[in-house]
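The following pair of complexes shares a single chain, chain A, combined with chain B in the former and chain C in the latter.
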Partner chain A sequence: MPHAERETRLFLEIGHFAAILALAFAFVGTASAFAGGPRNPAWVRAGSRAVWAVCALLTLSIASLVYAFLTNDFSVKYVAANSNRILPTFYKIAAVWGGHEGSLLFWVWLMSVFAAAAVARHWRTHSVSMPFLIGVQSAVMTGFLVLVLFLSSPFERLIPAPADGVDLNPLLQDPGMVLHPPFLYLGYVGFSVPFAFAMAALFSGRAGDEWVLATRRWTILAWFFLSVGIFFGARWAYYELGWGGYWAWDPVENASLMPWLAGTAFLHSTMIQEKRNLFRIWNVALVILTFALSILGTFLVRSGIVSSVHAFANDPGRGLTILILLAVLLVASFGTLIFRAERLRADVSLDSIVSRESAFLFNNVFFLTATFTVLVGTLYPLAAEAIMGTKVSVGAPYYNKVFVPLMLGMLVLMGVGPLIAWRRASISNLKRNFLAPALAGIGAGAGAAAVGMREIYPLMAVVIMVFVLGTIASDAYKSARSRARRDGVSLAGGLARIVRRNKRRYGGMVIHVGVLLMVLGMAGSGNYQTEKSLVMKPGDSFTIAGYAISFKEIRETRGPNWMAIEGVFEARNDGTLIAELRPQRRVYSRGGMPMTEAAIHSTLTRDLYVVIGDEVPGQGIAVKAYVNPLVQWIWAGGGVMALGTVIVMFQRRRYPVKEAA
Partner chain B sequence: MNRLKRTRRRWALAGSVLLIVAAVAYLAAGSFQANLVYFHTPTEILQKEPRDSGPKIRVGGMVEEGSLRRSVEGQKMKLDFVVMDGRTHIPVHYEGIPPDLFKEKQGAVVEGWWTKEKVFKADVIMAKHDENYMPIKMEGSADDARAKAGKTVKESR
Partner chain C sequence: MSRTSLIVIAILLGGSLAFAATVDEDPTEAKVREIAKELRCAVCQNESVYDSRSDLAVQMKELIRDKLKAGESPESIRKYFVSRYGDYILLEPRRQGLNWLIWAGPGAAFLAGSGVLVVYLRRRVRRDRPAAGAPVDAKLKKRLEQEMEKLPDEDVP
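Up next, the complex of A and B:
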């Protein structure tokens, strides 16, 4: 073995050893924080140092794995299975989280970064919560490190080492796919901080409402990452999988949606605790639920027990371990909640059913019902197989049927919630805020019906969306106008000032506008997609939704690690050429099976989406075309939501730090 | 007086929450049963009552070598092939474009109806997704085939 190669191999051993040490330190962190408790500052300090050590050691671990990928060290089983010599460098790094083993290590590493950041940020201000914060986070890391090291180690060797590796799954070789898992994981582990703070509030029984204030930004950050992760996943499905859609209610998609729904409910209901001191027990329960669903998400994806694009192998051991971790988490946290709930009981109650408080309550009801709907659909097949031995799956129509009305209900609340008065809304308050938008919505609905829209849900969507947009616009206009008058500036200046003064409220409004755009895109593409599938030869043509598509030729092309056949199509509208579409069927050098590469031409009103499939000898090639209305609005809405979230995150804490030790 | 009001308010609140939850549960329960798709092996499918419409079922197994025929009729692609487990061979008819990873000697799951003509009329094919995935043990039991064929699939409609 050449000297240099031995050195590269040695680095991975150091990384492996670092991970083992990290496990020891995570255990030390758990033990010292809980044992030392709030009484013994020295123990807590030791715990905080253990958290730092875990973070540093796992960073070293991840670095050693990245290094193994970059140096093509195929004596590492994980590298040999997920990379090869001709894989582009970009994807070699992405391959670190492209498979089971690496992605779990990556998960714990992100968790350790969050833990260290949380300790650093709150060390001075939250010394009462600190021992529990350290303890809870270290305990979760201990559990996952056990899983990584004993059941799913990326450091395992393959002897003798193969000359070249297999490949990163070609489906994962896409820029969107490179970003999808890390963001999702950041979201999952991000919720560990509010979760740990909530636990600290329960354990110490002293923290009161402080944890909600302390974790506000953490929650928004985690929610942001999770949203971005789901968004990239949907985009990847749309651009890469070639079936013309972006969401299939696949169990693993559901796995990421559940914590998002619960997290969104949590995000909203903490505002009520902040402002009105209500929902205190409820919020603790919500954050436990959100974090538990994050772990469940990891379990569903990583155990391989669900049939899905994402599940690549089956290992009952891993699944069982995550399930045990989940059970411990649920029992411990809900158990504590039950014993400590009395201390959190609120001394105020809801004044009226027509109030902002109750709008938020209904928001929670809708979000949690949605979460439960998805949960039932996702877990029922697992339960049916385990209990009755029948294999069964739940079809997408189930979700659509339940989700559409739920979503419409949530949209109505999105219009009502931010404007309705606190405590009890008077008739004049309701009239002032909602009469004009409601009339605008009904008018728009009547207009849509007049031009021929007949289906009930799309009509309702039009009414509700215009209503919500009306409430947001009229609120922004009124506040900006009065500000502008008071400060003697222009209307635009007034708008800028109110946004700057209350970033949280208006950032939230921006997010809501993003949601509206997204719903517009979903309603359009979900209800009015057209599809055609044919076998064609060069020279043939067909029409779809008014577009004439002609098949010009078929040719061969190649990329760095793939070869492809490429169909050349021309799309015309009323005789004018609007696009040349070139869908491909790629064969990667290392994997035998062909992959579809869709050709998409997008405008604001619709996407023209063409894929090619199998060749039928002598007959031509299979072609599938879709016209997807308004899809681009989904991605635009995602961008607007991200912008709004960033505005919200710039809001500084507006309340003094209460928890002094 | 105040207390009475508060109690009434609570009831109104609880009532409306319950109403929402009940409405959703009603919707969910109604469409849940209708959208359950059961999975069977080719051997199990023989014992099923044939039907041309109504609830769909899934059959999983291996696509038999040499059985795949592609044909074109009026620009529509048609596929005929045989899905089998260790014991039973089931002819399948499908119209449309199969997913990327669908081919002979590979696991596949088809969704549709087992018709009176003793042909499975599929309207969805799901091919297994990971090509490094081990093939179904052909000498194994039907259960074995079922356990393996159901995993790692990608849908194509």
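Up next, the complex of A and C:
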């Protein structure tokens, strides 16, 4: 073995050793923090150093794995299975989290970064919670490191080393898929901080409201990452899977949606605790649920227990281990909650059912029902097979039927919640805030019906969307106007001032506007998609939804690690050429099923979406074409939501710098 | 790849030989799509027969097309596939037996959640708010008396 090669290989061994040390430190962190408790600062300090050590060691581990990929070290089993010499560098780095073993190590590494950041940020301000914060996070990391090192080690060697690796799963060779898993994981592990703080509040017995204040930004950050992760996943499905849609209700998609739904419920209900000191037990339960669902999400994706297009690894042993970790987490955290619940009772009164407090709670009912629906739908096939021995499928047609009414209900609350008064809403408050928007919504619905819209759900969506937009716009307008008058500035100046003064409220409103845009896109593309499947030869043409599409030629093309046949289509509208579309069918050098590359021409009103399929001998090539109305609004809505979240995160922290002793 | 290349060449030749034509979807295709979207491709990972490119799915689509052309109703075609593959083939589970769990579950959960919430809210509101016409509650009365005592005598009318 040449000297240089031996050195490159050595680095991975250092990384492996670092991961083993990290496990030891994570265990030490858990033990010393819990043993020390708030009365032994020296032990807690040791625990905090252990957290730092875990973070540093795992960073070294990840670096060694990246290095193994970059240097084509195919003596590493994981590298050989997920990379090869001609894989572009960008995807070599992405391959670190492209397979099962690496993605779990990546998960723990991100968790260690969050843990270290949380310790650094709250060390001075939350000394009472600190030991438990360190203990809980270290315990979770210990569990996952055991899994990584003993059941799914990315450091395993392959002897003799193959001359070249297999390749990264071609489905993953897409920029959207490179970003999707890290953001999802950031979301999942991000919820570990609010979870650990909530646990710390229970353990320390000082279950007041400071943990909610302290974790406010962490929660928003985790929610933001999770949303971005889901968003990239949807885009990837739309652009890469070539079936004309963006959400298939696949179990793995559901796995990421569940913590998002529960996290959204938590995000909203903490606001009641913050403003009114109510529902403390409920909030702890919600954050436990959210983090548990994050782990369940990891479990569903990684165990291969559910049948999915995205289940990239099947290993029941690992699945069982994650399930055991999940069970321990649930029993330990809910157990603690039950024993400590008495300390959380708040002595604050509730004045009326018609109030913002109850609007928030109804938000929770909706979001938890949605979570429950997805959970039951995802797990029911497993249960039916285990209990009755029958195989059942729960697919997109089911969810589309059940979920749409829930979403419409959530939208209505989205309009009501932010404007209804705290404590008790008077009739005049209700009239002032909701009469005009409600009339506008009904008017818009009547207008849509008058121009020929007949389907009930789209009509309801129009009414509700206009209503919600009306509430947001009228509230912003009224506040901006009064601020403008008081300060003697223009209306736009007034708007800028109210947003700057209350970034949380108006950032939240911006997020709601983003949701509306997204719903607009979903309603349009979900209800008014046109599609055609044809068999064509070059020279043929067809029309779809008013567009004339002609098939010009078919040719071969190639990329770094794939070859493809490419169809060239021209789309015309009233005789004018609007786009040349070039869908591909790629065959990657590692073999396997050919991959579809859709050709998409987008405008604000619709996407033209063309894919080519298999040859039909003697007749030509199978072509599928879709006209998807308003899809771009979904992506735009995602952008607006991200903008709103950034505004919210600029809100200054509101907890006192020193935790009361 | 060589097979694909040959086919490509064949298509290229075929394309140049055949004269250009306007093609349109077979009128049964929309019905085929409707049925195929609700059937699971039995050999795939959670894909519908319509979306899958596997051989089995292609054959199933052919079969649906043939049956539709032979005049069979969508319902009898669905029944045919269920009799061959079992309920597993249906992406939308039938409303029967244990399946009611998932059909009724979300609605029941929503009603139960809302019900519990309304009862809880009403009870809390009633507990927290002094009943109309009743004298102020004891705690508040005591507090008021304490405050009154603190006031200088002459200020009390």
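In the analysis below, the second predicted complex is superposed on the first by the 652 of 661 C-alpha atoms of A that agree within 3 Å, B and C clash if a C-alpha of one lies under 4 Å from a C-alpha of the other, contacts with A are read in each partner's own complex, and residues count from 1 in each chain.
In this text, a contact is a pair of C-beta atoms (placed from the backbone, for glycine too) under 8 Å apart; a residue touches a chain by one contact, two chains touch by 3 or more.
Everything numeric here is computed off the predicted structure, so don't read it as measured data.
A.B. asks: Sticking to the clash and touch definitions up top, decide whether chain B and chain C on chain A clash or fit.
C.D. replies: clash
A.B. asks: Looking at the overlay, what does A:Ser352 touch: chain B (first), chain C (second), both, or neither?
C.D. replies: both
A.B. asks: May I ask you to decide whether A:Glu553 touches chain B, chain C, both, or neither, giving the answer as first, second, both or neither?
C.D. replies: second
A.B. asks: With both complexes superposed on chain A, which partner does A:Leu534 reach: first (chain B), second (chain C), both or neither?
C.D. replies: Once the two structures are laid over each other on A, A:Leu534 reaches both partners.
A.B. asks: Which partner does A:Ser490 reach: the first (chain B), the second (chain C), both, or neither?
C.D. replies: Touch partners of A:Ser490: none, neither chain B nor chain C.
A.B. asks: After the superposition on A, what does A:Asn277 contact: first (chain B), second (chain C), both or neither?
C.D. replies: Neither chain B nor chain C is touched by A:Asn277.
A.B. asks: With the two complexes superposed on chain A, say which partner A:Asn573 touches: chain B (first), chain C (second), both, or neither.
C.D. replies: Neither chain B nor chain C is touched by A:Asn573.
A.B. asks: With both complexes superposed on chain A, which partner does A:Thr605 reach: first (chain B), second (chain C), both or neither?
C.D. replies: The answer is neither, since A:Thr605 touches no partner chain.
A.B. asks: Between chain B (first) and chain C (second), which does A:Trp243 come into contact with in this model arrangement: first, second, both, or neither?
C.D. replies: Touch partners of A:Trp243: chain B and chain C.
A.B. asks: Thinking of the overlay built on chain A, is A:Ser482 touched by chain B (first), by chain C (second), by both, or by neither?
C.D. replies: A:Ser482 contacts neither chain B nor chain C.
A.B. asks: State which residues of chain A lie in both footprints, the one left by chain B and the one left by chain C.
C.D. replies: Shared contact residues on chain A (touching chain B in one complex, chain C in the other): 243, 248, 307-309, 311, 349-353, 358, 361-362, 365-366, 369, 373, 376-377, 380, 390-398, 401-402, 406, 533-536, 540, 542, 593, 613-614, 617, 620.
A.B. asks: Touching residues of chain B toward chain A in the complex: what are they?
C.D. replies: Within the complex, chain B touches chain A at residues 6, 9-10, 12-13, 16-17, 20-21, 23-24, 27-28, 30-32, 34-40, 58, 70-72, 75-77, 96-98, 100-101, 103, 129-133, 146, 150-157.
A.B. asks: Can you check the complex and tell me which residues of chain C touch chain A?
C.D. replies: Chain C reaches chain A through residues 1, 4-5, 7-8, 10-12, 14-16, 18-25, 29, 33, 37-38, 40, 44-48, 51, 53, 58, 86-93, 98-99, 101-103, 105-106, 109-110, 113-114, 117-118, 121-122, 124-125, 128-129.
A.B. asks: Can you check the complex and tell me which residues of chain A touch chain B?
C.D. replies: 81, 166, 169, 171, 241-243, 248, 304, 307-309, 311-314, 349-353, 358, 361-362, 365-366, 369, 373, 376-377, 380, 390-398, 401-402, 405-406, 409, 533-536, 540, 542, 591-596, 613-614, 616-617, 619-620, 622, 624
A.B. asks: Give every residue of chain A touching chain C within the complex, in rising order.
C.D. replies: 243, 248, 250-251, 306-309, 311, 349-353, 358, 361-362, 365-366, 368-369, 372-373, 376-377, 380, 384, 387-388, 390-398, 401-402, 406, 531-543, 550, 553-556, 563, 565, 587, 593, 613-615, 617-618, 620-621
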